[in-house]
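Structure first, commentary second.
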Amino acid sequence: MESPLRLIALNPVDRLARTVEALLVVASAPLSLDELADATEDHPERIETAICLLRERHAEGRSGIVLEEVAGGFAFRASRDAADACARLFERPVERGLSQAALETLAIVAYLGPCSRPDVARIRGVAADSAVASLVERGLISEAGREPGQGGAVRYRTTPLFERVFGLESLAALPRLDDLGEDAAELRERLLEVAEARAS
Amino acid sequence: MLPTPVRELELELDAFEGPFDLLLTLLLKEELEPREIDVAAIVLAFVERTAERDELDLEACGEFLVLVSALLELKARALFPDEAAELGELEPEEAAEELARRLAEYRRMKEAAAWLLDRLGAEQDRFFRIGPAPLAPRAERVLARQDPDALAEALRALALPPPTVSLGHMALRFPPVSQFLERFRTVLSHRRVFDFDGEVEGLSRVEQAVALLALLELRKAGEIALSQAQAFAPIRVSRADDERIHEWKARSA
Amino acid sequence: MESPLRLIALNPVDRLARTVEALLVVASAPLSLDELADATEDHPERIETAICLLRERHAEGRSGIVLEEVAGGFAFRASRDAADACARLFERPVERGLSQAALETLAIVAYLGPCSRPDVARIRGVAADSAVASLVERGLISEAGREPGQGGAVRYRTTPLFERVFGLESLAALPRLDDLGEDAAELRERLLEVAEARAS
């Protein structure tokens, strides 16, 4: 606990520096001087003074948290001493499998051809936004134009990485689903019918 | 306690006068027969009360729906003691317990929701970073080799028709009584008399139960007359004015 | 620039504390003791000592960066003094408040999860589709497979973000349902009365 005396004695620039520190630790992108000034409702010159103070406090060799000026503003990074530990933290073990949501979304896109998020959502019966986003991020599906018509939704198709991961020479090598429909159109029809029954 | 508007809803029914929550207590204590309760009148009272207020209290509406549908369920079970077993294998007493259990569960969840809301208020001045740090190293996600059969399986599962969902214990599994009210009114606008059994033939037992409730409500409102030659004989439904004519004829004869 | 002499003189726990600081400032989610131990290749007990040190250094009123134990691990957050400045710059995931329906749905998923939309509807007595969709969109709940059996409904559970937003060390920090309110107890009493009346 801090003594009241120290609170009173706190230098205003130091107080501002703390607020800037707080903003930077929460930000997920570098913050510019102007953004910091707006957020703190303070003058850019005083922000600069606070930044000077923080630069000293969060210098390489003095703290694990290092203040860095990058394009677009200021951000915290890990100190160089901690590079190995950071590498271990971010080096992810090989993932064994996909979530149910990801697997279903991937199956729909692979078997039915380019599909939009609304398509996937209709067939699965739940919103597909996060599943699609995560598959795009992993490089298993990618954008493939838009649905016809103005303002059509973005469509997605599987990528070469998808084929590699599933050990397929091409999409034609997918296990057959003849019992569900003769072609992609019939399959789509069937899936939409079931989805409708599920929703009602 | 129930939210004020529902709890304090003053009811003036044939079988009961007082606040809704007392009615509920009496039902749970089995001091009152569910079959004596005029559900339509309760709904009417609630709608009137709601209309008097400027604001629509959605919370109260939700609470009310749960209560009324549970009440309807109790009433249907009490009306069809034999079929109740078939419907949900629940005795009326068990249904009363089920109602209390369901209400308690819903109430606990509402309490939990209130706790979360308080907590959110208390956490309002704590900010964490959401998402990755701007200067964090980028992590590659490496996926192990996958089996393509898993894709086929996933799609096959999506193509399976869903099971016929058993709504046996859902509060809102009844078709609206109003549906049958309208239906019977329409039939009677074309015909003076019809057989209830013939009219509900082919409907599920639950639908038949609700249809009968509708019939009773119409009878209570004085819109129709009911007659039955003997126990288990078809129930004959006629317009109320026709009944009065019959009565008059009978008395004059 | 720091003198080599000071580097040599650096206390080993202090050095470890700096590495932990560095890891926490780049991590995208709270880090558990084990994760910190793995990344630093150090013993959990020593990590604990380092955390103690950091807790003091990054205490409320002493730094803009505050160390917090949350969602099963440790994370940095902005100091409370900086809340206004943060609020001007960042949108909280639940900025615009949660509807009663969303809060009830969240409570049900937190306590009974993983559970499906029909589960939620059964308890609330009304459909929960839009509440579930809004909670997924806010990242407070996420898909967790489907219910077993044919045509199973998608199940949901709360996310680590939920724990962070509500400041919970873990889901175990939720109050026990039995402790919530007297209403439940009162209803149970009524229930017992019914049972007794029947038994007599």
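Chains here go by letter, A, B and C, matching the order in which they are written, and residues are numbered from 1 within each.
Keep this in mind: contacts are C-beta pairs under 8 Å (C-beta built on N, C-alpha and C of every residue); 3 or more make two chains touch, one makes a residue touch a chain.
Quick caveat, the model's predicted, so the values are computed rather than measured.
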TODO: Find the chain most remote from chain A, comparing centres computed as mean CA coordinates.
DONE: B
Open item on the list: Measuring from CA centroids, which chain ends up nearest the centre of the complete protein set?
Closed with: C
Task: Pair joined by more contacting C-beta pairs (B-C or A-B) - done: B-C
Open item on the list: Can you work out the whole-Å distance between the CA centroids of chain A and chain C?
Closed with: 19
TODO: Using mean C-alpha positions as chain centres, tell me how far chain B is from chain C in Å, no decimals.
DONE: 36
Task: Centre distance in Å when chain A and chain B are each reduced to the mean of their C-alpha atoms - done: 43
Task: chain C: positions in contact with at least two other chains - done: 25-27, 76-78, 82, 86, 90, 146, 151
Open item on the list: If I count partner chains per residue in chain B, which residues reach a count of at least 2?
Closed with: 127-133, 135-137, 157, 160-162
Task: Complex contact set, residues of chain A against chain B - done: 22, 25-30, 68, 70, 75-78, 86-87, 90-92, 94-98, 100, 103-104, 106-108, 110-111, 123-124, 137-138, 140, 165-168, 173-177, 180, 187, 190-191, 194-195, 197-198
Task: Contact set on chain A toward chain C in their complex - done: 1-2, 7, 15, 17-23, 25-27, 31, 35, 38-41, 59-65, 76-79, 81-82, 85-86, 88-89, 99-101, 124-127, 129-131, 194, 198
Open item on the list: Under the definition above, what is the set of chain B residues touching chain A in their complex?
Closed with: 127-152, 154-162
Open item on the list: Taking the touch rule as given, give the residues of chain B at its contact with chain C in the complex, in rising order.
Closed with: 1, 25, 28-30, 58-59, 62, 65-66, 69, 93, 96-97, 100-117, 119-120, 122-133, 135-137, 157, 160-163, 165, 169-172
